[in-house]
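What follows is chain A paired twice: with chain B in the first complex and chain C in the second.
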Partner chain A sequence: MVLLEVCGEHLLVATGEARGRCPDITQLNDAGTQYWTILCEEGTLRAALDRAQKETGSPVQSLLPGLLRYVAKLRESGYLLEEDA
Partner chain B sequence: MSCGLFSQMKMKIEIKLAGLPLRLRLEHAETAAYFEPYTLPDADADVDLYVTAEDFARDGGPLSDAPGAFQEYSLLVAASSRCLLRHGRVVYHGVAVKLGGRAWLITAPSGTGKTTQYKWLKTLYREKVSLICGDKPILERRGERVYVHPSPWPGKERFPGGPGGALAGIVLLEQAQENTVSRLTAREAVFPLFREFLYVPEMEEEAREVGRMAEAMLRLPVWKLRNRGDEASARLLYETVTEYETI
Partner chain C sequence: MRAEEMTFLALMRDFSGGGEAELPDGLDWEALYEIAKGQSLIGLCYVVLRDRGASSETLERFHPGFYSEVYHAANRAACMVAFAEKAAEQGIALLPFKGWAVKDCWPVPALRTMGDLDVLIHTEDREGTDAIMKALGYARFIDNHAVWTYTERDVMFELHDHMFYEYLANDFDYRGYFDHAWERGREPGFQLCFLLTHMAKHITNSGLGFRFFLDLVFFCRAHDTLDWEGVKAELEALRLRGFAASCFALCRAWFGYESPLAERQLDPAFEAFVTEKMFRDGVFGLKNKQNAAAHTAKEVKRAKGPYWLTALDLTRKKLFPPYEDMQLIPWYAFVDGRPWLLPAAWVYRWGYCLAHKRKHGTALLAEPFTKRETVERRERLIRDWGL
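This part shows the complex of A and B:
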């Protein structure tokens, strides 16, 4: 997967083996881009949540539902494999 | 340089696509006919272009039962982009046309009426309209500018194309009950524009090069023409793009 920034917009582009497993291209909004970047860089949901808390200053309880919904969406679309979650 | 896994194919010809000399290696000799206008003996090509065994094996699309030569010709679209992307070029899905002397791309998913718009434009404005490529032109990025070139994939109508030029802008088509035109922001245009690149990104760098191409394209005006596919919609398209002076 490649996260591209084009004219300030963010696109997830499926490359190599990811093609056919998830949509070829998806446009992300700002929150989606932020969550995707954090998840990729941190590797686990727990670490991503900790970092999101640090970056936003929001409590875990308010961040968790949104992040879980996002992860569920990624899994449903094929962007996230079970072992990645 | 090699753009595939086959090293020995049944036929080899030299062609030039978007100014780039290529050594085209073919599994089916009949495929060469599709590239005849682009054949250039002694082109001094050092880039190999061919459909790989994986490409043939992976092809389960509607053309997979087509005669071998036509299947190879069709698979050469993505194979060409794989080669061309290393040289700042890529195959794109749309009608490339000169309107009032400037090159425009009319793009949309298949079956949305690109060819219909071209036919109306030609009928209405005759010599002020000239086709560059009817279906899959080649785009070339030179710094921040984009150039449009004809290609061996003119579409099923096989209208003859002509010389390309610097891209002046893009028109995205959408079928509608009423004809309206509006200028799109980069946010609105990026996804519909990006999905019409004809390439299969195996490597991250290929996707990034397409991103750079899209970035250059989005510096140009992008219009959305919601249209009925009628004469009035072609007039609206022509008047919009020819009256827009600033690039």
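This part shows the complex of A and C:
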């Protein structure tokens, strides 16, 4: 799975083993792109939440519902596997 | 030229930095989409249309094509990396060429479409690369001396042990020349000569689309410190200087790109004819019936004797193809390495053609005589290109 920026569009592309497990390509908005990047770089939900809190200055309780919804959507579409989440 | 064709040219010109495209009212957007599809340039059109304020309805039509190109580009890249890593582990050298070698010169590499990934290998690495590709899950579906093809889902590799193995409409040894790819394959001048030779091959055999000319523009922009006099001398040796002049003169006419190699003023009739043909040919010239008799025309152009003698010789070759040609055709693979089986392959071929395509086979045999006018017209076109 790779996140690409092409001509101003942020696109999550299924490559390798991910092909067929999730949509071939999905466009992410700015928030989605930021969350995806943080999740990939931090590796766990807890660490991603901490980093999002540091970067945005928003309290954990306001960030958590949005991040959980996002992760659930990614899992539902096949972008995240149980162990990833 | 239709308004949609003019707009398509304007979109390519815009993308290549030649000025903002205007989108006229009343355009048949579906016709424009079909042109872009035929030229494998939907993503390019989408990006320019989006930046020039096309309607959301129009953008919705082009956007899936843009997505598709990005998806394929990402997967090609992932597959190339996986192959290169395995090859490096085994000490096998690879030299990607054609689309892969030129894509990074494009303003947006993902929009440089390609049907397959062409990679040069050493002949002695055939078995090694074959094992790697099979281990990576690829299926090999064509097997001859020239190129082995591998597919896995929607990714296709072509592994060549020669960069170029055909002849053009002259007697120069291009195969021998491009066999120096391992020493010179990363030199921009050599790469440019290869791009032009590859284009000459397509024009001689069938035709090609605008994408090849965009390759020239972006490649030259990315290597603007090239030794142009050296390139001209090399093209002269390759007998392609006149052809290069035609190509770059067309790049000037279509995209406003000025090149030191555009050493020719275009004849307006030639420009109009070629532009129209380019639209009809699509990306590789495979759809256009106008390209019939291309092979015969190439042989006639190469021959030095009178037409009737060349025509007779062509018919003889069609009836008794030489071993060098037969061994490359998958269904006559049994002659490969066994030239004494050639007469059996001829008999099999005659029998098959008589049983399954008698009409087509007879027409093909008689083509040099029945289509003389077409052949000569085609030969004149090859000459007009400077080939």
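Just so it is clear, the second predicted complex is superposed on the first by the 85 of 85 C-alpha atoms of A that agree within 3 Å, B and C clash if a C-alpha of one lies under 4 Å from a C-alpha of the other, contacts with A are read in each partner's own complex, and residues count from 1 in each chain.
Criterion: a contact is a pair of C-beta atoms (placed from the backbone, for glycine too) under 8 Å apart; a residue touches a chain by one contact, two chains touch by 3 or more.
Every value quoted in this text rests on a predicted model; they were computed, and no experiment measured them.
With both structures placed on the common chain, the touch criterion links A:Cys7 to chain B and to chain C. Once the two complexes are laid over each other on the shared chain, residue contacts for A:Thr15 go to chain B and to chain C alike. In the overlay built on the shared chain, the residue A:Leu68 is in contact with neither chain B nor chain C.
By the touch criterion defined above, A:Val60 lies against neither chain B nor chain C after alignment on the C-alpha atoms of chain A.
Taking chain A as the reference chain, the count of touched residues is higher for B when chain B and chain C are set side by side. Chain A uses residues 2, 4, 6-7, 11, 13-16, 19, 24-25 to touch chain B in one structure and chain C in the other. Note for the complex: chain B touches chain A at residues 186-187, 190-191, 194-195, 200-204, 206-208, 210-211, 214-215, 218-219. Within the complex formed with chain C, the residues of chain A that make contact are 2, 4, 6-7, 11, 13-16, 19, 24-25. Against chain B, the residues of chain A that register as touching in their complex are 2, 4-9, 11, 13-16, 19, 24-25, 27.
Listing the residues of chain C that touch chain A in their complex gives 47, 50, 66-67, 70-71, 74-75, 77-78, 82, 108, 110-111, 153.
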